[in-house]
Structures are given as C-alpha cells and as structure tokens.
Amino acid sequence: MFDLPLDRLRDYRPERDEPADFDAFWAQTLAEAANHPLDPEYVRSDLPYAGVDVFDASFAGWGGDRISGWFLAPRGASGPLPCVMHYIGYGGGRGFPHNHLLWPTAGYAVLVVETRGQGGASAGSPGITGDPHGGAHAQAPGMMTRGIMDPRDYYYRRVFTDAVRAVDVAAAHPLVDPARIVVSGGSQGGAIAQAVAGLRSDVLAALVDVPFLSHISRAVEITGQDPYQEIVRFLAGVRGSAEQVFRTLAYFDGLNFAARATAPALYSVALMDEVCPPSTVFAAYNHWRGPKEITVWPWNGHEGGGGFQSEEQLRYLHKLLGD
Amino acid sequence: MFDLPLDRLRDYRPERDEPADFDAFWAQTLAEAANHPLDPEYVRSDLPYAGVDVFDASFAGWGGDRISGWFLAPRGASGPLPCVMHYIGYGGGRGFPHNHLLWPTAGYAVLVVETRGQGGASAGSPGITGDPHGGAHAQAPGMMTRGIMDPRDYYYRRVFTDAVRAVDVAAAHPLVDPARIVVSGGSQGGAIAQAVAGLRSDVLAALVDVPFLSHISRAVEITGQDPYQEIVRFLAGVRGSAEQVFRTLAYFDGLNFAARATAPALYSVALMDEVCPPSTVFAAYNHWRGPKEITVWPWNGHEGGGGFQSEEQLRYLHKLLGD
Amino acid sequence: MFDLPLDRLRDYRPERDEPADFDAFWAQTLAEAANHPLDPEYVRSDLPYAGVDVFDASFAGWGGDRISGWFLAPRGASGPLPCVMHYIGYGGGRGFPHNHLLWPTAGYAVLVVETRGQGGASAGSPGITGDPHGGAHAQAPGMMTRGIMDPRDYYYRRVFTDAVRAVDVAAAHPLVDPARIVVSGGSQGGAIAQAVAGLRSDVLAALVDVPFLSHISRAVEITGQDPYQEIVRFLAGVRGSAEQVFRTLAYFDGLNFAARATAPALYSVALMDEVCPPSTVFAAYNHWRGPKEITVWPWNGHEGGGGFQSEEQLRYLHKLLGD
Amino acid sequence: MFDLPLDRLRDYRPERDEPADFDAFWAQTLAEAANHPLDPEYVRSDLPYAGVDVFDASFAGWGGDRISGWFLAPRGASGPLPCVMHYIGYGGGRGFPHNHLLWPTAGYAVLVVETRGQGGASAGSPGITGDPHGGAHAQAPGMMTRGIMDPRDYYYRRVFTDAVRAVDVAAAHPLVDPARIVVSGGSQGGAIAQAVAGLRSDVLAALVDVPFLSHISRAVEITGQDPYQEIVRFLAGVRGSAEQVFRTLAYFDGLNFAARATAPALYSVALMDEVCPPSTVFAAYNHWRGPKEITVWPWNGHEGGGGFQSEEQLRYLHKLLGD
Amino acid sequence: MFDLPLDRLRDYRPERDEPADFDAFWAQTLAEAANHPLDPEYVRSDLPYAGVDVFDASFAGWGGDRISGWFLAPRGASGPLPCVMHYIGYGGGRGFPHNHLLWPTAGYAVLVVETRGQGGASAGSPGITGDPHGGAHAQAPGMMTRGIMDPRDYYYRRVFTDAVRAVDVAAAHPLVDPARIVVSGGSQGGAIAQAVAGLRSDVLAALVDVPFLSHISRAVEITGQDPYQEIVRFLAGVRGSAEQVFRTLAYFDGLNFAARATAPALYSVALMDEVCPPSTVFAAYNHWRGPKEITVWPWNGHEGGGGFQSEEQLRYLHKLLGD
Amino acid sequence: MFDLPLDRLRDYRPERDEPADFDAFWAQTLAEAANHPLDPEYVRSDLPYAGVDVFDASFAGWGGDRISGWFLAPRGASGPLPCVMHYIGYGGGRGFPHNHLLWPTAGYAVLVVETRGQGGASAGSPGITGDPHGGAHAQAPGMMTRGIMDPRDYYYRRVFTDAVRAVDVAAAHPLVDPARIVVSGGSQGGAIAQAVAGLRSDVLAALVDVPFLSHISRAVEITGQDPYQEIVRFLAGVRGSAEQVFRTLAYFDGLNFAARATAPALYSVALMDEVCPPSTVFAAYNHWRGPKEITVWPWNGHEGGGGFQSEEQLRYLHKLLGD
C-alpha cells in the first residue's frame, strides 16, 4: 500500500490545473487536423479465419500521417454493428489480429488503433506506425518528453488527435453504427480513451483501465516507475524547465478530459499499481462527469483486473447496449 | 549468442539417455490411470459470446484427480471438427476463454488443459486445478522437484498422464473428430505436447514451441534461468542425489518422447532463449521421428515467435488439414 | 524505519481476527492426528563425536506421515534432561547435527523437528522430510498457499500438528524430563513455537525470534518480501479469493496462539526487519498471555539478534531452570 | 575477459560489409545538406571567465535544423588556432562550458557539437538540440532505431551530416586555422569522429576513444548492453526485419569510414568494455587507412582511459602540431 | 519525495547533539597536528597547458602523513589571488588537473585536497593519498567506520585535520591571498568544507553542495543508501555499539560545525537526494551561523545542481569578491 | 559451468609466478614479527556451558597488534589434545563460541583466529579485532588492496603472519599437543590455512575449502565477483599499476604456499563457484606437495560442501589421528 487507503481514494478529487485556453487549444488542433481527409484503407487479411473478417486498417491521422491498426468484425456481418475503439498501452503496437478476437466474437466490430512511433521493441505486441515528427528540444529516451517544451509540439497532441479521428474512421465504416461507438484501453490506452471521451460527446461509453497520464503532477512525485519517470529524468536533466513542462502537460492531463466526458464509463483501478498509482486513477474517475462505475482490484499491480476486467467489460456493454 | 551457432544447431543430435524400461514405465502408468473413468464435465459459460460456445471443462486425470480447462467451439457447429489440444506454459493456468479464441475463430474446437497445481500466482493466466499430491522428500520451491527422487512419485508423471487422457476426453466429445486431434503448447506446454505425441500414435500433428524438459542434463549446465534452476537448487541442497535425480528425469526427457513421435510436427526455436536453450530444442527436434519443420527466430528470447508463430501454426494446420 | 517507531510498537496490540470455532478446529485436528501412533525412531549416528550422542530421529506426524529431525543429548547423560524443541525457518531443513550443538553442550537435550516439504533447496541447512499432500486448488510456488482455500486443507495445519506431536515424542524419550520442555525457533520456527505454546499448556517456556505468520493481514500490506508475498501473489492471481484466504489464515495467525499461551516467553524483534515486520512481532508479543520479555535489536533486519540472541536464550533458560 | 584475448585483437580485421553505393549515398547526402547555408551564430557567455572566451554556438545542420554547441577559445587569442571538434557520447548533450576547458587551456579552440535529440535526460551533461524528425516506422525507445528501416530515413544520417558540417563551421571561424582541425570523441562521439574522418579528407587528426557503431553485426551478438541492445530489441519486436536493418546499418558502420580515413589517429580501447566490445574497436582500428596508434586499457570497462587518455591526447596533439 | 516537503524543510532545524568538550576536542586535535610542520611541496606538471600553471601539490597532514592534491593557478599570475579549496566526494581522488580548470580559468587559484585513503577504485577520479592508519576495532568495508569506536581514533578526525591544515598550506603559497580563501565541496567534500568553516574563522566563504555527514542520526534512519549505510551495517554487526558510535559521530556531525561557521555560505540541496537526504542538508543549513543562501533542485537526486550549481558558485564568488 | 570441465580441472597445474626472494621475504617477515612476544591471554567465558570450556583468547600478532579469537576445549580435558586452528572467511569475525562447538564436541581443542580488521559488518559472525595499519596509497573499499603497491605494506602480510603466530600460541597452550595441530578454513580461511601450511612444516594436516587468493592472475580475469573484483577495481582506478600489483600478489598467492606444503591435506572445491573459481582451487591443489585428497561438489557454488564437508573433515581427521 504505497498510496492512500481505499476509503480516502473513494473521495479523492483534487483540484484540476486547467489552462484557460484548454478548449480553444483542442478545438484548433482538431480543426487543423480536419484539413487532412481521413483517407481510410482496409486490406483484407488472408489468414484462414472462418469466424471473423480481418482487415489491415489505416487512415490519415494528425498532419495526414498514416496510422495503422486492425479492423475486425464477425464474419459476414451486415451491420450496423456497435464498434469498440481499442487504444494501446505504452510501448506496444497493434500486435496480431488474434489478440483482438474478444469483441468480434461477442458480436462487435473493433478498431484497434496504433500509437504512433510505438511498438518497435515489443515482441509480444509489435507495431508498425511511425511518428515522422521529432521535437524542437533534446528529449529523454521514450515518447513522454518528445516536444514537451511546447503543447503544440508535444507528442501526445498528435496521438490524441489520431485517436479522435479514428472514431470518425470507425463511424464511416459501412458495418459500424456511428451511434454505438465505445472507446477503450488500459494504461496509456486508458489515457487515450479518456481524452477521446472528453473531446467528443458522441461516444456511447468508455472502458478505462488503470489510466496513465492522469493527475500527472502527483504521479511524478509518488511513483519511481516508468513511464512517468521519463518526465522526472527530463526535469532532472533540463533544470529549470518544470514550469514549462507542467504547463504543457496540463493540456494532456486526464483530469481535464474526464471533467468534460459525459458518456457512461466503466473504470478499473488496482491498489498496488505503482505505475499508475490508484490516487491518480481515482482523481480522474472522481472528476468524470458522466455516469460511472469502478472496479477495484485490491491485490493487483499495474496488470489490474486483466482478463477478469475484460469479462466485466463484456457484461457491462452487453447490458448497456441491451443486446 | 550464449549457445551454439545456428549451423551447429541444425545438426545437433546428442545421444539420448533412455531407461531400459521406459516404455514399460509409461505403459503401466497409463494403464493404472485408465482404471479411473474419464468422467468429463462441461458447464456452458453465460458470457455473452455470439461466435463461440464456451464450456468450463473438467475430467478425471491421473489418480482420478479433477483437471480443469476450457472447451471452445465455433458457435452452433455440428461437427465433427478438428480439435487443438492446448497445454500451458510453466506457472500459468487456463486463463480466460477469450485467451483461446484463435482456434474456434479458425473453425477448430480447442481443449485447453490445465497443468495441475499451477496458475495460482498468475495474474495474467490464472489456474484453478490443484495437485492433491506432494512428495516423499523435501523439495525446492516450485513444481520441478516435487517427487523427483522416484520416477513413480514425480510430478510430471501425473501431468503427462493428465495430458494423454485429455486427448481421450477431446476424442469423446460429440463435436470432435477423433482422427483430427492436434497437440500444441509452448515451453512447458511444448514439453507436454511432445510427451503426448510420443505416448500416443493417434495425434494428427504437433505444434511445439520452445519446448522445456528436453535434453535436461545439458540444460541444467548451460542455463542459469528458472525453471531448470529449480533442479540445480535441489542438487545443491540435497547433495549426492544427482544420479537418482537424473535417473528420474530420463523418464520425462523430451528427447525420448520425440524419438517415438511419428506425427508431423511444426517446431519453433529462439536463438537467444536462455530459458529453453536452442541446443536443447534442436536436440528434441532432431530426434523427432515424424515429418517436421522448424521456424527459427534468431533475435528472440523465450517469447520465441509469439503471435507470428501462432499465425504460422494457423497456416500450417490449414494446409495439413486441407481445408 | 519502514514500520512504526519503537514507542508505538511497545503498545501495539491490534484486535485479533479469531474464528468462532478456533478451539474446536484445533481440538478436532489434534484428536484426528492422535489416531496415528507416534512411532518414534532413533538411529544413532556414527559420526565420531565424543561429547554428544546424536540420533537421526523420526516420528509419525499429521496423517501418520514420517517427520525427520535430530535428537542430541550430552554424551552419556542419564537424564532426565530438560529438552529444547527446535523448529526451523522457512525453506530450511534439519541441516547437520553440528548445527545444533549449543543445547547439548549446555546440558540440554534438543529435538530438531523438520518442516515437512522444506529444505530441498537449502545448501546450508538441507532437509529430507517430504509433505505427501498437495492442495485442492492451484497454488503459488512455495508452501504458503498450498491448500489455502480451506483451513482443513491448509499446509500449516499439517505443520503445526507435526510440531505439537513432536513435543509428545520428546516427552516420551527416556532421557527427557517431560515437565521441562521448551519450544523455540526463529521466523517460521518462531511461528511454530508460538502455535505449539498456544495449543498445549504443558511447555515450560518459549523462545520466539522474529516470528512469521503473525498479524498476517497487516504483514501482507506492509512488506514486499517473501514469504508473505507468496500470499499476495496468490491473491493477485486468484482474484476474488481474499475473503476465503484470510478466513483460512485466521486459524493459523500467531496472535490467536499467543493469546492462549501461558508459558513464560523470551521474544526477540528487529526494527529493520522487512521480512517479519516489527509491528507484527509486537502484535503477537503484546497478546501473549504468559510472563514475557522481549529483546529489541534496533539496527538489524530479519537476522535479528543472531548468535547474541542465542546467548540471551542460554542465560534465560539457565536462570529459569535454576541450574 | 568476455571478448577475444589481446593478441588476437591486435590482428582482428574482419571483412567489411559495404554497400556498393556507399560513397554515392554519402556524396548525395552531403550535397543535399549543402543546399542549406551553414548560418553559424555565436552568442558570448556572460559567465565571469578570465582565461577563456565562451560562446553559445549554433549552426544549420542536416535539413537546415539548428544544432547547438559551445565554442571556446583562449581569452583574447587572435588566431589562427588549431581547433578540436568534440562530439558527444550517447545520451549526453553539450553540458557546461567548464566541462570543455581542457583544449582552450592548452591553446586550442574547441567546438563542442551536440547530437540532435540527445541530452534531455542527462543531469550531468544536459543538451538542448532537438531532432525535429521522427521515423516512418515504429521504433524502440532511444535513438538507435529511429528510421532504421531505410538508410535515407535513419537518424545517424542526420547526425553524421551535422558533424561533417560542423567542421565547415569551425573552419569558417575567424580564430580557427582550417588546416588544423582535429575530430574527437568517445563512444558515440568516437563513432561520429570516425565518420567525419572518413567523409572528409581535410581533418588533421582524429582522437577516437572506445568507438560505438563499429562492426555492428558482431557487436549486437556479443554484448547484452545498451545502446547496441536497442537494435536487438527492435529485431525481436519487428520480426523479419533483420536483412533490412543490417542493410541500413552498413551505411553507418565505422569500419567503412575507417577504411576511408587517411588522417593520423590516436585510438583507445578497453579490454573489459562490454558496451563497445574491444573486438569491434580493433576491427575499426585495424581498417583505419591512415597512420595510427592505439592505447590499450586492460582493466577498464567503457570508461576506457578516462582522464589519462585525455592527457595522452594532449601530448599526442602537442607533438603532432609541433607546438 | 521520500523526505519532508519543501515548506517543512525550510524550517527544519533539529536540536543538535553536541558533546560538552567538542571545542576542546578539536582544539587539542589541531594543536597536536600543528606539531608537524606543513612541509608543502609543489612539483610543476609538464603537461602542455598554455593557460594554467599546474603543480602536483602535497603537504604533511594529520600525524605528518603526506596528503596529495593539485594546485592550479592562471598561467603567469603574480598574485595575490583568491584561492578555492576543493574537497572531494566519497570514494574519489584528486583526478586530473583538467578536472579542475574552472577556478583558474575564472582567475582563482585552486588547491584540490585529497581525502586520505580514498580514490583507489575510482576510474573517473583516481587518488593516490594513503591513510597509513587503520582502526583499533574491526570495521565495515569502506571508510565510514574506521576507528568509529573512539573519536580520537576515528578516520574523519584525520581527514578534517588534513583539510584544516590545507588552508594553511594555501595561505602560505606566494600566489595566494590568505584573506580570500574559500572552502568548497560536494557530498563528503561539502561535509569537509563545513567542518573547516566551523573550525577556522578565517575562511572568506563556503560553497557547500548536498553535504554528507550532517544530522547523521536521522540520515541513518531514513536512507538505505551508501555511504550512510556503512554505519548501519556496523551497528548491525557490532551489536550494542550504538551509543558509543553516535557519541563518536557527534564530534563530526556537520550541524555542530555549521553552528560555529560565520563565513557567508552558498548551499545547494536536491529534493530527490536519497544519499544525503534533503532534511539533513537543511538541518545543517538552518544551523549555519553566517549569512547564507541555498539553491534548491527539486527534481534531482544526489547529483544535485551539477554544472548549473558550479556556474551559480562562479557568479556568487564573483559578486562576493567584487571582481 | 563457467570454468573448465572437471576432467581438465583434474590436471590443471599452471606455471607459478614466484618471486626469487619469496622465501627470504617470508623468513624476514616472520623473524621481525618474532621480536614481539606472543603474549597470549585467555579469559574464561561465563556462559553456562556444561560440555565445553570457552575462553576469549588473544595474542600479539604482526607488529605486536592484538589479535582476538576463541579457544574451546572439551570440558575438563586434561590434554594433550589435538588442536584445530580455524581461520575465517572474508568479512567475518570470530562470531560466537557456539559457532565453533564441532571440534571440542569431537574431542579436539579449537583455536579460532580473527582476521584483523574484518567482521565489523557481519551480523552473523561479528569480529572485534582491528587492523591498526592503513596503507601508503589510496585503496579500493575492502581489504584486498590495502597496501597492495608494496609487498611489505600489504594487508595479507600482516594477516598471514598473525596466522602463523597463532599456531605458536596454540602449541604453547597447556592443553594442546603441539605435534597435532591442524590448520583449517574456507575461502579466505582456506587461503590462510594454505599459507600457514606452506610457511611452517610442523602442522599435522590442512583442511582447505574453496580457497581464495590462489592463482590470482587467472581469478581476476574469469570472475566478476567480489572479493577478487576489489583488485580489478583498483587496477581500473590506478591505471598503470598492474605490474606492481601482481608483483606484490605473487608473495601471497596460494600456489606458492601449496608448492611448499608437505602436510596431508583435504581440499574441497565446488564446480559452480564463481567466487573462487574451481580452476584456481585445482591449481593450488595440484601444486600441493604433501599427500592430498579433494572432494568435488559439482552442483554447488561458493558454499561448497557446507556441513557435509565438515563431516568429511571430522572423519578425515578421526582416521588420520587414529582415534
């Protein structure tokens, strides 16, 4: 128990640090991105699957950069189907189609969206999408501080924009019912799902597991684990940059997205999670504006609820969608 | 490259250490086990899957002990279906049904078989099956030395027997075509698949990834990793037991099973694997009596080919089964 | 100082969690065990010791399983002698007779009692006694969770029963004065000594060093060390089992034994002990019903007082026994 | 001694893997870069140094991107001075002017050149220069695999070009004698110095310490250390990419630059260096075309000769320059 | 944040534990040492430096033992110059002259003073000065407990005396202005600078970075890092020695020197410093009697302000000395 | 198996590096030491042992420095008894009398001899004897490089001299038969026993376990473990000192003592010992001049044969002494 006890976590709702132009920043960011057509592409996989249609999917994300993923749907479905957007944890790529069979087997389409630049060293879940942009300042190894000296240059501005646009990609797919799109992810994927739910009001639900990038100012003080420590290493190296760094991060903190999100949400948190400390998860959860539930895993670390939580999500959506 | 270079591995086929009564030992073991009826049970899962039928499966293994697993088949299939037996790596349990959707999505039934006693500390792939038996001698923590002073008391005698009987369970399932049963697994799961393929001539094919428990006498000398090190710790503690220990292990070494196996096999090996060193994998592969292929992953450790290998297997079986 | 400061430890006496049928559970357990005759055996060692008689000792423990140990007495003593029961720390076996010369050199008999199943990987203190029983559920590696889903199936039910019966074995030895039997041990050995002192009122004294298995619910929350972490790994793997697990552990928690023990006790505790945190030791000590003293080692970890404490014990018993 | 013994190292001169268009590739790269004017800027530091003039230096590197560094010269020198180019080890930035006083105190100018993108997490030697370019493919954390799937996209194409152009910057400085420019660096800095010396024939000498990026195909097989391991992690994640990756690296391997370099060189190597293994250093040294000497540090790791080697270099240049 | 938050650190001024004869102890120590003539020696280096005169310096320290260092001054300076005394961090030696060019380049002389016995395993900053004295009691490896059972036998008595006498050496140098001598150092060097400033009132200023050996009784309780842990290991081994050990350390604790120091001081502290915890640094700072400033590095560990702090010191002295 | 295979070890007998004046050096050293009277003191312990007499023993070692230990003999023995000299492993002290009961229980006297300066951080086996001498040069932490630049100044010159004189102390004890003195020890203790057996021809036998300080030039190249690594760290720090260091070590290498020893010896070696690699042990063993046996522990590390070897020794001496 390196963080607060559960009874204090239940009520933990710290002040948010929100830039005055937060909404303007994101409105302008998304508007600029919209200048690039989505240009989705789907290439059917020749893997001998009988129960699912698998497509190598890609589209134009921020700056028109090509973002890859997988699109899977139950074999021969005629739609319209509810669709789960699946965003990925730090360091991973889209992996393999068979990693994503849960939702199509349950009758959903799923659009797996890569996080640009990540997955190049993941033997278990490799990725291919590059991030063609670097940063105007020296960075710490990893993605956390790429462009961190300026919110407009920051890596996650591109990532969150990709993710918001991916919902448009899904919504435009002939098999998908645009009114039944659900965002989901764990850790970094949870941070992305939170951001998308805060930036667009048309998602039906959010499944957010042990989200990263939430209440960042506390996280960097209480955890010694990566990836939050990438930020600390940058602050240790680029002395005097803290004010500028935290100013940038305020545009990307999950608390500010959660406070705007109105969709129903199913969260999960693990009390022994030293990567995304439980107080930072509850901070986001307690700011979430929409209807919400949270599953607490008292004895787990960052793996959280694992497959149990996947089954919780399956049941949650089943009930929510009334199917 | 801590082991031999690839060109030497290709030809590496060491002498086997085989007890004179190897076949008698196993014949008697399986005959004794056969006194217990298989007594399979299938409980349908209420998880809302549309594309697959999921059953909590169990049967009576060695000594009549209850062994759990999952049985999955494409929704509404009328059979007879080919069936993949899936054995599990060291320390894991059956996990969750959605971990095993690959085969049913490809049109196969799959029977996931737990390894008794394991999975109790696996957050990612938990298990439930106990091993009600201990050992007649003090052991090292873990399963590798439980009962190791006597082949009849050794833990893997029970495990391999469970696995052989699980094929009977699958063969008896109304949806399964008993002539098209494939054994598969990685690491410990690969060792079990090798053993089953060596002990019964009726399996159609074997998918063996980075198998454990092969050429054990070499493995314990060249790797400092668990689980092989459990044996070394026992030898270090119970001084003077080496002869007896290696006598026991000879009944369980994958080389002796491979030398009896006649089914076609697809192996995989990783050249940087320090858990199951590549020379020990090639030793088994080069002794395999049946038709065989091996995929070499030169830059990977014990994760081997990961999802890439799963797709290789999908294509391999697709071609083999001519569907 | 990762635990409470010393002045708070002195008064730390938390509520106990005691099952209503605690006494019945143990009465029945011991009664069942009593159906097996003790059947002690002593084989004289041929090691050329001039000052001590050494016997390879064994007896029938729980379920009639054979438990080994050493029995040593001053050479040629005619008795009746006071006898020290020595229980062993986690992972160790009985070791060698020369590890146990302290008490016979001081004029006592000593009966060293193995902990079933342990010692198979201890180069320094090897053991031979097996635990022929496994568990009905998958477990975490190690002994801590073997059978933990049911108090009747739990590993330490067998261990504590062995230990209680070992006192009968000692008491029946012609050299031993049954009115002067002392229980002793450190860490797991301390836990066993506590349990025996709580389960039978006829021990003369208890020497309890840095005891394990005391105030378990707190221990698993504040220490990240093994063996307590074996329990946490089980809880992380077998999600949802916490209530059942802690229900089982309540029958084995040192606090409940200490609250029943009436013999004089000499405890020791180390303030930097992260394996058996000092608050969990004081919790047991402060519940001990009999006369008691505690030696505090402020700068030591789990090694506690080491040989200094052995000399404290020597003087303590010397004074207590008035010899 | 994890690598070859010294007597075999002395003669170790493996075949080089050189692309047919190696020279064309670099000629075109440098020609393209030459389209951007150098645009050097020098901002005098206000630090109260009496013996040295310190300038915050920058210029337009590859693609016109701004590259920072320090320019130091003896206070009030009127030139023309010999100038040492100093390139920096992996992960570091330019640090502070007082880290670079050795050469100006000895009568030289020094131009410290940052490695774009690096130094953002170096508390000891922070950097500021960003690399505004990412890569077309997912990468492993760090710089080693940014753009590695295509030589034209590879990170070190930009870095080596920056370094070549920095010599032009130095040569154009009014205090610097363009005929007496020396390139220097350790580890990655040594790799850069080697590359510059191979790409331009007008450097007077090279000081190359424990160079990185030399004989890369061997290095990735014999060392388990970063940064070479970044490449291995990429190969493990992006299975099947090895041919393409090594094709790219052949344009950047120090052996191919050394084989073109004609300036006199002073190398150093450390026999216990597991980061840049001695055989890979000798491989480059033994291919160096110009006059050469090497200092062998038999008992050191990657720190090599440290300050001793700096003094060796001081004396070497002093003698070479005849001052 | 493993220590107190910054607002509490600002006011953290614990009671000091000062022996009654603290001043007498040091007066006598220094008086005894004064029986040995200083006997300074300066051997000019033949390294080809144009801007600085470098001397291999040595003198007779405590007990007449020879203490080495470097003396550097701007080339051809005629004096009198202000002189910076530079004391060295734990485990290091004087290193190389080029490690110490900052002060002579800024117009100061610098006398680098080795810490006897240290630097023999420092590849980066090697030392040569031996400590010909051992201790009357067994010790823990390292220097922290050499002679710790008696203040007169304690290692730091010799070290602090050497350091005090080194000021006399500097003051006697023809180039040095004895009225403008500044003491400086980081970690152990900061402890030494603090001690010298507390023992002699004639130093002009003190530059104290992340000082070691301050508020030792707290440090050993809150940090698990070396070198403070050397003391804990001694207390764990030599049970019962704590009172004697802390009695000795009271004569060497920085708090007692700071409380006597009247010179102006520039401190630095790092809030993530687990080697010299920030509360122990503020404890010394808040007891410092003279005028004082402190630079706080919130995101750094024991590296503190690094080169930034050096530049702070440069400006601080520049301003203080009015040059 | 990080060292040679057993069949090559059996014959491994490398050339020795012996200084021409080796015998003169030691003759002079011991002669000088002999100027100090032995001055033994024995203080009877008041611990309530009935079977043994325990004395806190001390004597004047090298330079007259006080060396402590324990002297134990069977209670009330009238002598003359054979006596075992017990020398101690690196870092330990004499510990407690009950650690040394094996020999007196078997009818021998035992004289435990501390290694000066060591044991101050050993919670398990604390020591008290100081080494009042330091070294003329900076050293690496630990004892291995104290005075290593000169054989006359080297730490082990004092240690080996203490050990040789301890035999005189034992021989002079009224209970001891000077014709039946046996030297023994493990690791450093084995090195000391070897040295004593090489320096005096009157010891009856030697018990040498996994000896340290043998074939040092090979050991420092093949092991990365302490304490040999202390030497490597020194060589890495004090560059250029290797010739001088190895010149010193040649006076202390076990090979040169073994080649002079004529007493019967029982060695032990462990094939997985990375602290004292088996080739260095066999190198000494194969040079031993007297009758010899060696016990090989194939599966153990530096713990070697542990208590099994103690029992081997018990039987070996029992047979040798014909009692």
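Should a chain be cited, it is by its letter among A, B, C, D, E and F, assigned in written order, with residues numbered from 1 in that chain.
Operating definition for what follows: a residue touches a chain if its C-beta (ideal position, glycine included) is under 8 Å from a C-beta of that chain, and two chains touch if they have at least 3 such contacts.
The structure presented is a predicted model; accordingly, all values stated were derived computationally and were not measured.
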| item | value |
| --- | --- |
| Labels of chains that are neighbours to subunit B and to subunit F | C, D |
| Length of the shortest touching-chain route, subunit B through to subunit C | 1 |
| Interface residue identity across copies subunit A, subunit C - same or different by half | different |
| Remotest chain, subunit A as reference, centres from CA atoms | F |
| Length of the line joining the C-alpha centres of subunit D and subunit F, rounded to whole Å | 51 |
| Distance from the mean Cα position of subunit F to that of subunit A, given in whole angstrom | 63 |
| Geometric centre distance via CA averages, subunit F-subunit C, whole Å | 37 |
| Between subunit D and subunit A, distance of the C-alpha-averaged centres to the nearest whole Å | 39 |
| Per-residue overlap in subunit F, given as positions that touch at least 2 other chains | 123, 236, 239, 300-301, 303, 306, 308 |
| Touching pairs - complete list by chain label | A-B, A-C, A-D, A-E, B-C, B-D, B-F, C-E, C-F, D-E, D-F, E-F |
| Subunit B partner contacts - residues on subunit D that touch it in the complex | 221-222, 232, 235-236, 239-240, 242 |
| Subunit E-touching residues of subunit D, taken from the complex the two chains share | 47-52, 74-75, 95-96, 98-99, 101-102, 104-107, 123-125, 300-301, 303, 306-308, 310-311, 314-315, 318, 323 |
| Residue numbers on subunit E that touch subunit A, as the complex places them | 1, 272, 297-301, 303, 305-306, 308 |
| Residues of subunit B that touch subunit C when the two form their complex | 91, 93, 114, 116-123, 126-143, 145, 230, 233-234, 236-239 |
